[in-house]
């Protein structure tokens, strides 16, 4: 394995960068930008190193020994008094098939968003400092295996996000930023409560044989660690596990965002600057579903099985509702935002199936949606940079004026529609295969296929409204993509096609873990 | 009805009637003088309760100190030439309701509680015992009160002093 | 006299304080031309007291044992719990001295600076005795000592109308509250024949028929304490006085006097109404008064009222006043658990509250020094023009909201851990939702500092070096304790011991 | 020639056009001449496919399969380990399709060199053609239904790109969008069908699925699901082959360049639906087949009725295509598998010829497409005329043409079907359509090439197209002659195509779900191996019986149609304009002309309905869902006002009430002003009282 | 009338207490508000002494009363200083007119 704490490095590197940036004088925005680019670039390199050293056969999920790149040491250890047990918090990082794709995604999207941030001119230093802080938060969420640590990272993202939307955003930025902030905080207080509840329901046996309460996520999954009277303990007949599950789920669902908790998303997206929209759609939304898979599923398997149908139902609502609402949008960015709602529905649907194919599809869809939606938001950003409007009816005929751009747009749009040969197809197909394969979610899956149709509807309609038809003379001087923009689009395009043609490259990473997860949830092993 | 009882009712009447006027009369000066009677009445009650020293202190401190202070306050805060030194009342109704209920509660508490009663003979004097206690068990409080008075002195002087222009 | 000598040993910090107070007064009289050195004398006195407070840690026992009371219970109980709060008070006081250095308001009254510090010392002395006294009379008197000093301090600068107004309101409100308390004390005295908490506790252990009277007395006493910690419905003075008083005093009131109030409340309830503490750390309340329900209602009321009222405040001091009311509500939650865990949460929360609240007030003060305003609209764009102030303020506000990775989160975490441990889920949810509401007004400040465009160029508030150091002293622990809180928790845990008879 | 070589060649055929596409798309802007590379590549592919076809037909009687594992799921819980395999299957049908697709593709490339000359996205056009060829070949070559679906979608995209090639025209981009979305409807059905198959058989490979079916494994244990799966997959064909009710996209697709129409919307892509049904033919139950037959028959009839009155040369051809596709589908539905595929091939040639011919005409007439403005072009463009005429004869089913052979077989099949099952409506519709086809095709020819020119200006400039455009016409017209398929001009059965190249595969569905005539009927037949029986003995006899009857009947109706067309448009014996003034005729005429208003119906219901739902939900989203949030925010604000201004509102209110009350009792008229501290204290006192009442210990 | 006992004294103090509260709440003049507070303190003192006398609690009640009296003096001093200060700034001492600090 690797001889240095690579997960810590990949997580805290941006913080280091942030500190460095704070020392760079304000008058050198270029230095700030290049430093950030370097930091995110190194992150990508580290992610690739991780991938190269990744053992595809190790499952992770509930067993500490099959996690990879583990870093674990006692962070907080308060001993000595009987009445509160030992307050023990581990600094516990590790990777498995659930997190590896997300780490990759985060690294890539951050890098791309960093390139996209080049156009930022207003207080560059602040922007990149916050950007890097956000980066750490995201990365941390995906590698943390201690609930406390997870929660800290989870909340760490809120504030930078608030500022990034609030300072660098559009006209209604203040409203959007606070809405995002309040909404997510509302969700996370539920997570906090469940976290504490789980803490009191789980003990961990230390090396010396003593049992202590713990925040360790893996320990929480092990039924033999349950305390007899913890409120979320299986051994306690009057437990609150069902309610806790729902509370936790709602906390995560707000981030996904799941209907009816999605209304912060369009506002946040419309007002956020392009790189932040990219991050938001590309990575942040995945945290919700990641959280559900990482925490809800293995810790509350019996409730999960009970609620499969409901999760699927909400997935279906997301898919169809998001698509229908997207159809009605007149703002380019809002349309993409609602398309995100729709696409995240597939993730929920896949998860709900509780089958290897479905869950694989869900995680794969998380990754693919990350890349594809990032591209879509970049696309909106390009046109907004040039035209300073996003009205779908303000354009027309851009294909003639900006052929290269239109080419990438077409790729991204068709990827979003789920065209075979692009990554989105494989994941959506797997989701449907999984969901259809199970009695519980079969009908839901069948209805959800409508989403494929509606998706094509709004995407192609947008393509037509913005890019086809006679060129609107107002934009006759618009320029095509420059090199920097190409540098954002090409990697994403390559990823989209590569994973469309060779999905195994990604699926193999998660396969073992997903199989383990599914059988853990369903069979308990 | 013995003397004791009669004395009680006299002092109680003095106390309450004058207290009533303290809080109802509109003239501040009157109010201050009724307060004087109240203090006297309370001092009498103290005597009835065999607290001779306290009664003396009551008269010395309250009448000799606090009341004079209050009168100074009245004088200093009302222009002497201004004949109308009356003052109004506010919150009459809510105050009446609130104090009415409060009084009901307090009085019923006083009546219905089974207080501990252990009849004992009244001591001849309390000064000696009080003095002893002040310098033994309560020496800390005693000293603390000294500091309190110092701080109050500084504070009062500091805030009431006219600033150099 | 050996008894007295032992007692004096136990109250060395208080003695030092008293001496420092006298020295201050004397020096003030001697050097009435040049008062430059007065603050340093005060600082020296505080540091010395601080050293003795630390030296006192671990000391435990009764001081001023009264012959009447079986010869073993005294007026003061010196224990780690008290020492913890004394330490908090001393830390606050030292910080307030530094605040006063940079406060424009205080600089304008340099000629009365001796009195200013004398009164502050009076307050500290009062608070020290509040924290450790176990006799209701002494409690009342030390409460009054603190109050009398703070009444004057609230109106001390006399620079603006609102100064005097604050003093008057504080005075009247305080006087009536302590009057109610005194009446309550007299009733308790009537019921039990003693003013000593331990004796009262023993008396209450035996069957008692006068529960209504006791309840009435308790509520009256709580009025006196509740006014100090500004819990609803005894909080009404808080916003007015906080807004009117000089900022240094506002900050001081919001932390130190609240700390004293909480220490008093905890000691009062723990000593008087707890029959025993079970091995797990839960306090068994005497069945004479349902403190638990009372405190639950009051704490929920307090935090809800505080948070909701703070939402649309435009004066920062006033907003922080309501925020401090809300925090009092959270702190009370730690008490309603009635367990050592809850108490631990209070201790931790308070230390953190000290840092973040003082920090926020410091920034309000620095900005007011520059702009002469505490209005939120005058904060527009300050974050950009004054980066250091801006970032620090954001950290304090986030911590006040209770978000990781700041210390405020740790405080809330321990609080909720205690609540969940006691299975008081509903209360926990209400409190959590309250903290979501609180985000709104805290972030509103952030919004004005960063997001709202100022109408004219925002003034740059560049703190001088000492202010920067002061800010850093407050910011650093707020951040550090957020990620590594073990030392604080360990300290708080060692301070759980409230002197008992057993 | 070894099998592996054959496989490699096939793979090369598949990927060569893709290579061309990628190269041209990336470098096309810099090197405009690169379209030649694309043309070259397609030509090479054609040659290779010719080689592959003959090699396969001559030397490899067995099917050749090559596959690899695309996705592996490891050992999944409950499902065991399973893989998703992709691969190709080379059988007779495949190689014939390879030949057809590559040939037409090549010819269209050649035709386009001249036709599209001067277009500003000239190279881009060729790259799209390459993409299409690749996708189409993928459909043809695949051995599994997932890959079929993948390429299915890809042809959809290339079709979208090509229809909307002139995207500056709104109608063009509209048509592209419509084509894609309407196709998606069918695709959803197909996708669901695939899901049913996968869920039950854990494989996408046709052969693996069929062998499990043959072993008696039913989807979810019931043959109803099997029928459902068949119909659902058929929905894909409904979309792609423009069957009713999803036929609406194809006529609109004529907005694309005409060579594209020839390649995609006449010869190859639209035939993919039929190809799909041939692929799943073996798993169709009788019920599913009946549905398919009815859909096909109805489609052909509706389309034919519309084609009768259209005036746009391409629209007529488009509806004729729809009608002919309906024929093929119907043919599969009635069990005449071989004739359906045969018709697919012959139709591909003559319809491509007609489209290219029309392209030639349009080219000559400077993009005039309305036949009412044409006429007399026979003299100006003889080669175009004659090739077009040959194709017309073929589509009308006149002997000596390929169309006669295939069409006659289909008609015989319907007749036999009618006789054996009693569904006589299908043959009736089929013969009606045959007559109509002859009529409208001749109407087209007569109006275009005969008579007097109606637009002299355009006529004068018209001229025969260049050689590069005419050559494909000649080749395709040549392929519409019977001789390439069978030596016997009136019966194809004996020809090599039907006797040895196309073999009807045996059904794999259980006997009781088959048509009676598709089960073994005699003991002898039953004794044979299960998989070999395609039809009963009776069926063979009935087909024999129907053969000549169908031939004569079809000749009769076709002749009738031609005669009427002559009467109307050549000899002008009947005044058409006057005829349609009659009330009934007028209604019918207008109905036909307006395409039975199906588009309008869809617009009003489905499209508009969806958009309105979207708008409604959007409103719902902003006002209700978000409103709930904002509402609670409002509530919060309200509460905060309430409590924040508690002092003034409530306490003031109390004081005001006091004032009123005081006034009422007449105690005091003093103007009351709140001394705030005192109101606070009032409140404290009330607080104490309330607390006492709340927590009094009894 | 009953024999005068503890209850009588307590009733007296209860009424005095209520009058004090009433005074504090209703009087506009700040000095009169202070008088109300003195009444409350006096009532508490009566309680202390009466309880000590009748319950035989020793001298602690009297000690308490003594301290309260002293405290009252200190408080009065501070209070009057503050009232004077108010008079200087507002030119009157009407409590209800000093309401600049509010929401």
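Letters are used for the chains, namely A, B, C, D and E, taken in the order the chains are written, and counting of residues starts over at 1 for each.
Throughout what follows, contacts are C-beta pairs under 8 Å (C-beta built on N, C-alpha and C of every residue); 3 or more make two chains touch, one makes a residue touch a chain.
Quantities reported herein were computed from a predicted structural model and do not represent experimental measurements.
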| item | value |
| --- | --- |
| Each chain counted as touching chain B and chain D at once | C, E |
| Middle chain, criterion being Cα centroid separation | A |
| Geometric centre distance via CA averages, chain E-chain A, whole Å | 65 |
| Distance from chain E to chain B - Cα centre to Cα centre, in angstrom | 6 |
| Distance between the centres, which are taken as Cα means, of chain E and chain C, whole angstrom | 26 |
| Mean-CA-position distance for chain E and chain D (Å) | 95 |
| Residues within chain C bordering two or more other chains | 68, 137, 141, 144, 148, 151-152, 155, 158, 167-169, 172, 176, 180, 187, 190, 193, 212, 216, 240, 309, 313, 440 |
| Numbers and ranges of chain D residues touching at least 2 other chains | 644, 647, 673-678, 681-682, 685-686, 688, 692 |
| Multi-partner residues of chain A (each touching 2 or more other chains) | none |
| Contacting chain pairs - touch in the sense defined above | A-C, A-D, B-C, B-D, B-E, C-D, C-E, D-E |
| Contacting residues of chain D [partner chain C, same complex] | 636-637, 639-644, 646-647, 676-678, 680-681, 683-684, 686-688, 690-692, 694-698 |
| Touch list for chain B against partner chain D, complex | 88-95, 98-99, 101-102, 105 |
| Touching residues on chain C, where the partner in the complex is chain D | 168-169, 172-173, 176-177, 180, 211-212, 214-216, 219-220, 222-223, 227, 232-234, 236-237, 240, 288-290, 293-294, 297-298, 304-305, 308-313, 437, 440 |
| Residue ranges of chain B in contact with chain E within the complex | 1, 4-5, 8-9, 12, 15-16, 19-20, 22-23, 28, 31-32, 35, 38-39, 42, 45-46, 49-51, 53-54, 57-58, 61-62, 65-66, 69-70, 72-74, 76-77, 87-92, 94-96, 98-99, 102-103, 106-107, 109-111, 115-120, 122, 126, 129-130, 133-134, 138, 141, 145, 148-149, 152-153, 155-160, 162 |
| Residues of chain B defined as touching chain C within the complex | 105-106, 109, 112-116, 136-141, 144-145, 147-148, 150-152, 154-159, 163-164 |
